[in-house]
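Letters A, B and C mark the chains as written, and numbering starts fresh at 1 in each.
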Amino acid sequence: MSPWLAWLTEPLSYPFMARGLGAALTVGIVCPVLGTYVVLRGMAFFGDALAHIILPGVVIAYLLGLPLVSGALVVGILAALGVGAISRRTDIKEDAAIGVVFAGAFALGIALLSAQRSYAVDLAHILFGNLLGVSGADLLLTIGLGAAVLATVFAFYKEFLVLSFDPVLAVTLRLPVGFLQNLLLILIAVVIVVSIQSVGVALVLAMLITPAAAAYLLTRRLPSMMATAAAIGAGSAVVGLYGSYYLDIASGPAIVLAETAVFVVVFAFRGRVARR
Amino acid sequence: MNPGTETQTLPVPHSTIRPADHDRKAPSLQVEGLTVRFNGTEALKDVSFALPAGQRLAVVGPNGAGKTTLFKVLAGILRQASGEVRIFGHPPGGDTCIAYVPQRSQLDLSFPVTAAEVVMMGRIREIGMLRWPRREDWEVALQALERVGLAEAGPRQIGELSGGQQQRVFLAQALAQEAELILLDEPFTGLDYPSLDSLLRILDELLKAGVTEIVSTHDLNLASEHFAQVLLLNRRFIAFGPPQQVLTQANLVAAYGGHVHRLPEGEGVLIVTDTCCEGDETAA
Amino acid sequence: MKHRLGTATAIATLLLAACQPSPSALADRTRPISDLQPASLAGGERIQVVATTTLVAEVARIVGGDDIALTTLVGPGFDPHTYEPTPQDARALAEADVILMNGFGLERFLEDNLLLAGSTAPFIVLSSGIEPLRIANGSGEIDPHVWLDPRNVMIWTTNVGEALARLDPDHADGYRQRAEAYNLELEALDQRASDSLGQVPPDQRKLVTDHDTLGYFAARFGFTIVGAVIPAASSSAEASAQELAALEDSIRREGVRAVFIAAEVNPDLAQQVADDTGARLVPLYLESLTGPDGPAPTYLALMQSNVDAIVRGLAP
């Protein structure tokens, strides 16, 4: 067997690496698709806030011995709808209000976790991911949720397009704007939850945004922007995972570094193209 | 939704999901005592007028006069505080026979969407949820682009087009909606003369085909030259009717303070401003 | 004017310097037992002893008996490697006459100058006199898990007896007697364990753990450490992919039947390794005693339970 091939296949001969790769790939494909909307609509702060708001949900599920995804999903969906509602009010300073909830929820999560005196490792896993610990059940859940998210984006593609490009038109055309907006926020919450195991709460924003931001510099059509972003995400997931194996570094951050490197390269070579 | 006899110049409409049954003899638009409150202040007070079908109306007034507010109420985006609005006999917010083309500046034109896709957005209700555009939808969209003279611009990203071209794309979007009443919010702003000309010609053709047009503009001369009816607002109703009756010196003072003057010039009237309201007063 | 400014600056600098905790506050306060002086006790007052872990507290309780007032920092079931101290802990330290600790780097949480700031009591390392072992992966880290070899706990017992005798001479005889008595029990435990573990055949005397815990145990009872899921002395380290892969290879190659995990840590990763290699996952009580209702409320019970679990775990 050629040394290159061995080098590629060796990590995959271990089930935990294969599972980790499966989870990372799923997240690497699904996150940037949603991330495209986040980038185009300037929702990066919202996305980061949502990731941090989900922390207490994850912690409570963890402390109760429930699967982390369940706690995260419940809190994530509630948080998405709540933050969405705050954003729609015109009488509050939106970013300050979201910031308050963001910081408060995050502190709540850490406080809850610290109540059980030895929390450093588990907090590290929640914050930065634990790809090596993906079980078979975790992987199936990740793929299932990821597929459901992609199917929803596909089904409501044109409605999300109108909503993102021209919200006033969406109202004029009598689209169910409230439903669609909430649906999009919920999808973002779901992908964040799915990504926590791979890259953790602190880095999930990168999974959402970095590949989409790079794709934005490369293409002027939405479908190809999503496809490019997904390709960058998937490629970075593979590179990051292999990098963590051969370089002995944590896998979540390795993936994010790979994505950031792609962005830097794209930015250096294409960023100077004028976009109106 | 049959807009008239000259069907070869407009996309042939076919039955929509909810066929609107309009009272053909009713005016296209009837507004009575419309008052709108926004953020605690009165944006519009006591506006009343009626517009027969197939006619064209210019809505004029200074900045903040409530022109966009009026359009939003007509489009069903904003609710009035009091008063009645009837569009083809129905209150606003029902079917989508109205197309609202807002001011361009409010959109992110670097969004990765092509001109054809923008036009196709107008057909979203026709296509229905959970479905993709059919061939007929593409045909309608392409015809709409042809109508505005942009048949080849379909595949281009919207931000790549000039201001005038973009305006026409949004007009095509309104056409693809197969609307009978089109609201255009300051479509002439920032256009150079060739684009302006082009746009006016398209609007003329649409008018001939029976589409009712309501257009807001800062340009009082353009309004008086091209529009049979003018509505003058300044947060409240000032005047409605043919331009010579509406754009009197007294009304102009009521609307613009001392900054707009009406000068006789040959057969017509010249309207001159001595200060600029945000950009586009053409002092001819 | 200049004078006063200069003096003020000098005083401020001195004050600031005094307030700056020195980087090795813990090292400064650690004393050899021979240095201990009798504590000043009011009439009838018992000496205040703080023990860091439940294992240390166990020895202190047995040797000290009713003559001491004992507080433990890391409670039953908690993992000392990842323990985060509380304000109550700071107060206990401030009021203590002596603090007994395991040493060898176990008590990372004590390396906190703010925590130590209020305390003037001496810190005693019970493991002094024990030959330190390095962990298996060759990184040179010292393994702190000395208590899993009963003979080390015998050294602790003697040390505690001595320390308490010096601090509280009025009760010195009691301390020394109880220390001797306990050492006899530990001797007997050591013998029993050795016999029990003798049942495990030579080709099965291989241990895989969640982190490097059984070094002293293996050295005492003749086992080999094949590896650990997290090859580090502390459970707070992170596993790396290559190390996990290497471990799985080792497990398969050596035919290891069980992965032994400390009941106080998160078992998920070790569970994966066990599932992937077909080994059993066997919890042991390694870092802490359990509460009074648990299977390991005393050190003797803890060792017995572990020995039995290891014998069963390595059986076919």
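We take it that contacts are C-beta pairs under 8 Å (C-beta built on N, C-alpha and C of every residue); 3 or more make two chains touch, one makes a residue touch a chain.
Nothing here was measured: the structure is a model prediction, and the numbers come from that model.
The most distant chain from chain B, with centres taken as the mean of CA atoms, is C.
Chain centroids computed from C-alpha atoms place A closest to the centre of all protein C-alpha atoms shown. In terms of their C-alpha centroids, the spacing between chain A and chain C amounts to 41 Å. A straight line joining the Cα centres of chain B and chain C is 80 Å long. For chain A, the set of residues touching two or more other chains is empty. Of all residues in chain C, none touches 2 or more other chains. Residues of chain A touching chain C in their complex: 11, 14-17, 20, 114, 117-122, 124, 130, 132-133, 135, 241, 244-246, 248-251. On the chain A side of its complex with chain B, the touching residues are 40, 90, 155-156, 158-159, 161-162, 164-166, 168-169, 171-175, 216, 219-222, 225, 275-276. Residues 74-75, 78-79, 81-84, 86, 235-236, 238-245, 248, 264-266, 268-269, 271-273, 276 of chain C are the ones that touch chain A when the two sit in their complex.
Of all the residues in chain B, the ones that touch chain A in their complex are 39, 75-77, 93, 96, 98-100, 102, 106-114, 117-118, 120-122, 124-125, 127, 129-130, 132-133, 157, 159-160, 173, 177.
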